[in-house]
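Next up, some structures in structure tokens.
In the two assemblies presented below, chain A is common to both, partnered first by chain B and then by chain C.
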Partner chain A sequence: MIGFLTRRTGAAIIVLLVLTGAVFVLQQYSPGDPVKAYLGANASPAAVAAERVSLHLDDPLLSRYWHYLTQAIRGDLGISFRTHRPVVTDLGAFLPATVELVVVAFLFALLLGALFATIRTLAGTLVRGILLVGATAPPFLLALGGIILFYAHLGWLPATGRGGDGFLLAHSLVTGDWAVFGAGLQHVVLPAFVLAVAPAVSIGRILRASLQQTLGADHVRTARAKGLTEAAVFGRHVLRNSIGPGLSMAGLQLGFMFAGVVVVEQIFSWPGIGNYLAESIPAADYPAIAGVTVVLGAVYIVTNTVVDMIQALADPRIAL
Partner chain B sequence: MIASVDDLHVTLRGNPVLRGVSLSVRPGEILGLVGESGSGKSMLALSLLGLLPPDAHPQVTGTVEVAGVDMVHGSAAAHRAVRRRELGVIFQDPMTSLNPTMRIGRQITEVTRDRAQAVQLLEHVGVADAALRLRVYPHELSGGLRQRVMTAIAVAGRPSLIIADEPTTALDVTVQAQVLKLLRDLRDEYGCSVLFITHDLAVAAQITDRIGVMYAGRLAELGPTRDLLTAPAHPYTAGLLRSRLSLSTPRDRDLPTLQAEAGSRGSGCAYHPRCPLAVDRCAEEQPPLTGSDHQKSCWRDISDMPAGNSAPDPGGHGAAAEGEPVVKLRDIRCDFKVRNGWRRAGTLKALDGVDLDVAPGEAVSIVGESGSGKSTLLRVIAGLIKPTAGTREVTGGTQMVFQDAGSSLTPWLTIGELLRERVLKLGRAEQDDRIEKALTAIGLPITVATARPRQLSGGQRQRVALARATIVPPAVLLCDEPTSALDASLAASVLNLIRKLRGDLGMAVVFVTHDLAVARLMGDRIVVMTGGRVVETGAADDLVSRPQAEYTRTLLAAVPEITS
Partner chain C sequence: MKPLRVTAAALTAVLFAAGCSGTSNDDQAQANPAPTDGTLTVGLLGDIGQPPDPDIYYANNGLAIVLNTYEGLVQYEDNVDTVKIAPRLATTWEVSADKKVYTFHLREGVKFHDGTAFTSAAVKTSLQRRTDVKGGAAYMTAGVQSVDTTDPATAVVTLKEGNAAFLDYLASPFGPKMISPDALAKNKGSDNAQTYLTTHDIGSGPYELSAVQTGTKYSLTQFAGYWGTKSPFTKVELPVYNDSSALELAFDKGDVSAIVAALPSSDLKKYESSGAVDSYLLPTLQSALVTLNPSGTFFKTAEARLAFLQSLDREKLIPQVLGNRSEVATTLYAKGMIPGGADKQEINYKPEVLKAYAATLPAGSTMTIGYATGNPNAQQLATIVAAQMATLNIKATAQGYPTAQVFDWVNDPAKGPDAFFDGNNGPDGGNPYMWGHVFWDKSGGINYFGCDDPAVDADLDKAVLTGDNDLFVAAATKYAAAGCYLNFSYNKDWVVTQKWLTGVAESHNIGANELNFAKLGIKS
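Up next is the complex of A and B:
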């Protein structure tokens, strides 16, 4: 176990080094002058040159990268060229919104995926069909369709924003502020659903296939031969043995969802890191881009590590 | 009667698998059900359990009764109650038949959840440290212990009938003997009946009171074990007994085989196309099962059966040429790193200092139980595994034939393409010529060249694997249990073919098997292995009649034989 965590931490460090390194190399070779963005379009050439020096932008790439890394270890990811605030402060402001959106979307995806995998009635076929159609549509189309239907026509749900800031849902849930919680939920439903549909289908298909495989397994025949009811057979002998592939897929999809928020947050004007990233890229705001990259990479690694640990708990044959 | 079926017909996906079986299990008896794959014996077991696979849309006529309950029509709840109270089951492969993610204690007494009872049952089936073992998972146990756990599950509900479907087929021969003894002891103690399903008449002979021989979904013969084995009344039973390979089968003759399955069965006796006694009536009319105590389903009288017809083996037996060995292994060691659960990695010594010489044209059998290192040794000779230490000299090419011909042939290539791969350097015309010769040599029609592996039977696939290995004759043919997945009648003909090819092509053969009887028939010399070491080497007949090593004696004692 300790060996496993050590190996994963080592891998995480390497992955983060590669990711930030890639951002630095991109910065070197991409057009657009971040200093102009930083100082404004009207800055004099002399001021720009001076600022380049003070931002260390004229230093060799490796030395700048080294500077970035040593600062990062102290928790300093640099200053955003665009917002003029520390990137860490920006992330602190935008990350909670994204976390809440993705967590809700992930719960949706698990729920819909489980429904997709297990319901065997006509209604189940219908749900599967709707999900499949939703998953094949591009997210922006789904988002626009949802806004037109639920906001413009029915007026059930708001189209943009999230009705507060910070960890809005978590905070109101803990403090029992149901009015705020309800409003937050209303805001989050549509974007979360758009984000969840494609992952739900991926999770559901894998889970469905592995459930069907397990149902035909020899040990399930043994369980039936004991005279257990179908519910007991399913609950005790099928579920735990089928969950592994579904879990792997869920872990992967959670990572994809954090990356997928860029489009969805833009459409719903959701104040999260997806929106932040979308605004940073055209401004050549590399400190901000690198900061978001580090966060996404870390989320990816942590979720997959957690998934592997849950799998080892579910299946005693897996040794970490 | 504990359980009975009457005129039972079962059709799965439109294919008849049982075609009129009538049979009763008497209180306290062990009833053997013997047949080759596809004979319907497992389907009979599933019918008794009320667990015919629903996806196969089973159509059932006739009656199945267990403890007075109708297992065809009654409610699902009633069937479950019968399974819970009256039936216990032991399936073939204890690895896949136990839930891999549930502790064995929980699995044994899943219905009652009684820990003390689980300990008692485990002790009963001969598992030491039962209280500690309750918390382990199936993969942490050996095959023999797993099958004991399976047996504990089967007797947990104090059943009146235990259905054992090939319970020892996946086990080593020494473990098989222990499990058979355990089953007999449990029957004596609990006074339950046992329905014992196997493909091996000799195994059935060890344990059963009565034997039913199944063929193509019907009972060919049913009678007391001793009667049936000493005086078989059906030509199929007689053929099975005659083609059984034992430690006393003559080595210098072709192995006796059953006539291969051929042609359609029509409306008459399903066995008639293969039967040496068949007359016109057999093809037209299905014989009923007649007789009182010893019943048979045959129009003819067994005393008309012709005597054994095996020809003297034309192959070059004992033709081992003198000269430099084609295989020369010295002090071969092979270590594998293993990780076991949460514990640290250890080292498994698969081979621990093995020396082996194979002379040109010589046939050597390597015999051992699972984990003895015999397959690893074969792979070292083939160059598929690099030994950790030691020297390996192999002159001339080697070719390998594996146990499962089905998965060792590429499924999307035709047989012709599979064979052509090995002779690509030749011209097109010569390639075709070689393919035709290779197919003729293994006794298959040339039309097989356009077939794909799944269109062939298991025996045919193994023949194709042999053709692929010998289309360019190797100096050494390496065989890894090539017949252990085949039915007895097919196995003998494949073994004959290997012997013939060896004689015709003058190649050496290294034959790995777990079966001493087969080892004796296939090798001039036998090498006995256990734990990665060679414990004894000797000329085939000497080793079997005068074993020197203790381990060889244990192995010999465990070989099930039919004594008359």
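Up next is the complex of A and C:
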């Protein structure tokens, strides 16, 4: 286990260096002047030139990258050209919203994926139908349709925002503030559902195929022949042997969800890092872009590491 | 699989029907009720971008926050269609004949939000901070030599040289705002209170900044000690919507009270024809502009540039794309900047000029027409004009560019498109220098392609010393002859509000594309 974690940590450092390096190279060669975002559109070329010097934007690429890395090690990811705040402060403000959205969406995806894979009644057909329609629609269309139906027409759910800041759901759950928790849930349901639909179908399809394969296996036939109930057969002999591919897909989808929040956060005005990234890109706010890249890269690596560990726990044949 | 397919098809139909029936005018026939909790909700399209610090903030989306928490010495007069300086924290003022000494008699009984009384010391502190912070609009105080504060009720500002635009600098929505010297000293830190002012304010305006959730919501609370008129709104919420459709839905439902200059012109008809809401078209100094790139291959000569500008049928394009909020611009500066309209723009629709010019071009000539991504009006204009070029055998492409890229062209104009359509842009204030310098001078901020004539710059620099309108007109005429620029249309601010909101036009002025919330009310 220690060897596995050491290898993964080493790989993570290399991946993060490559990612941040790529952002700096892009910054060097992409057209765009971030200083206008910093000073404002009408700022004169003289003011812009002075600020470029002040922000070290005219320094050589390697010098800037080295400065960035040495500062990053100390927990300083620079100042956002757009918000004028430290990127770490911005990430601290926006990341909890994204984490809560993705966690809820991931739970939805697991639940819906499991329903997709396992229920063989009319209700299951209905769930699969809803999910397939949702998964084939572009996320922005699904989001807008959801807002029109559940906010504008039915008035059941809010259209935008999240009703507070920080780890709203987690904090209100721990402190027993049920009013805030309820309001937070109301806000998160729609964006989380939109974010969860496509991953739920991916997880559900893999799990369903795996289950069907296992259900036809010899050991399952033997278990049935021994007189075990269908629930016992499924629980003890089918699910555990089938869950590996589903888990693997779920881990992959969790990483994709973090990367895919941009569109969903934009439409639902969800104050997360997806929104932050979407507003930073047109302004060429590279410290912010690099900061989000580091976070997303780290999340992806950690997620996959955790999934590998869970898979090993679920199936002892897998060695770490 | 069959039942699954049937279910999927049925669900698609249901969702499609739900989506299609979303926003018909019939649904809005009923006006939404007024709030009973004293809260006004003004929807923002996108986050404000920069901190709401008056010496930093140099964009449009968050001006409402700055202008309702801070006040300047003067402002532009509300609810008039002309550029006229009006009192705010200065009740009267005198300007020396050489435009070097500005004497302001200050309003009595004004308190900052921290309780500090407003005196001439605050004027000195405020102008100094503007210079020290070095934000985008620091140029406005760069010429200040001294501020005499001997009399607490009078501030005498002496400039290094005459500047006829100085009052406009002060009246500009981006101009220096008065800040509490005590609050500044207390929260100065190592960055002149820049960090503190990301989440607080130290102004004297009718509202205090009470909560900041960057990217989500900004909240203002009525300042109990405000010297002026107070509205029935004790709280103003400014939630951020990142999608215009979501913002519209919230407005239609009554969750948003007003939207200021945020919706695309394509929605104009919908709201103008709705009996359930009010739609206002209010005067501004803003215009749609066309800028041509002399560094590209297509528009190297003035002949080519002028031929293209004359091919634009503005009488048709403006109603088609911009609707009632715009009209054909007939002057080179903003509407009404030069009294009497002496700055006449002599570009008229003559498509035959470009046709004749195009006939001389080699086959397969190409042209790129740019617009800023996220500006649907400019995109539509660029697309239509590009299609029209095809009839002249010119292969034109409309292409969107991110804002940061647009502002980088001046460093290397050859990287820019041949033409750029700017859906809405304007000067910082109402003085002709603020228009000419920004758009025509290479050292201004929005001369995208660096199309410059030193003689024009010299005229502008000379004219601003005295306010000589004839010289401003001469500079404009000279610049127009180069064909780099067209004042395409005069634009208005489009404000939509719930039916119960009153005082909208009265709370708006030509310089600030925002509302003074203190002047708004509820229809009884």
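Assume the second predicted complex is superposed on the first by the 313 of 320 C-alpha atoms of A that agree within 3 Å, B and C clash if a C-alpha of one lies under 4 Å from a C-alpha of the other, contacts with A are read in each partner's own complex, and residues count from 1 in each chain.
By our rule, contacts are C-beta pairs under 8 Å (C-beta built on N, C-alpha and C of every residue); 3 or more make two chains touch, one makes a residue touch a chain.
Only a predicted model underlies this, so the values are computations on that prediction, with no experimental measurement involved.
For the composite obtained by superposing both complexes on chain A, the positions of chain B and chain C are free of clash and fit together. Using the contact criterion defined above for the overlaid structures, shared-chain residue A:269 touches chain C, although it does not reach chain B. Shared-chain residue A:222: touches chain B; no touch with chain C. By the touch criterion defined above, A:240 lies against chain B but remains apart from chain C after alignment on the C-alpha atoms of chain A. Put chain B and chain C next to each other and count what each touches on chain A; the higher total goes to C. By the document's definition of touching, of the two partners only chain B reaches A:1; chain C does not. In the superposed pair of complexes, A:161 makes contact with chain C only, with no contact to chain B.
Vertex at chain A: the C-alpha centres of chain B and chain C lie 150° apart in angle, rounded to steps of 10. By the document's definition of touching, neither partner reaches A:73: not chain B, not chain C. Least inter-chain distance for chain B and chain C in the combined superposition, rounded to the nearest angstrom, is 16, based on C-alpha atoms. Of all the residues in chain A, the ones that touch chain B in their complex are 1, 216-219, 221-229, 236-237, 240-241, 314-317, 319-320.
Contact residues on chain A toward chain C in their complex (touch as defined above): 31-34, 36-37, 39-47, 50-51, 82-85, 90, 93-94, 122, 125-126, 128-130, 132-133, 137, 141, 144-145, 147-149, 151-153, 155, 159-162, 165, 265-269, 271, 275-276, 278-279, 281-284.
For chain C in complex with chain A, the touching residues are 3-4, 7-8, 10-12, 15, 18-19, 21-23, 46-47, 49-51, 56-59, 134-139, 174, 194-195, 198, 213-217, 239-243, 245-246, 249-250, 252-253, 373-374, 402-405, 407-408, 410-411, 415, 427-428, 438, 442-446.
Of all residues in chain B, those touching chain A in their complex are 49, 51, 55, 80-85, 87, 89, 91, 93, 96-102, 110-111, 137, 139, 150, 153, 157, 339-342.
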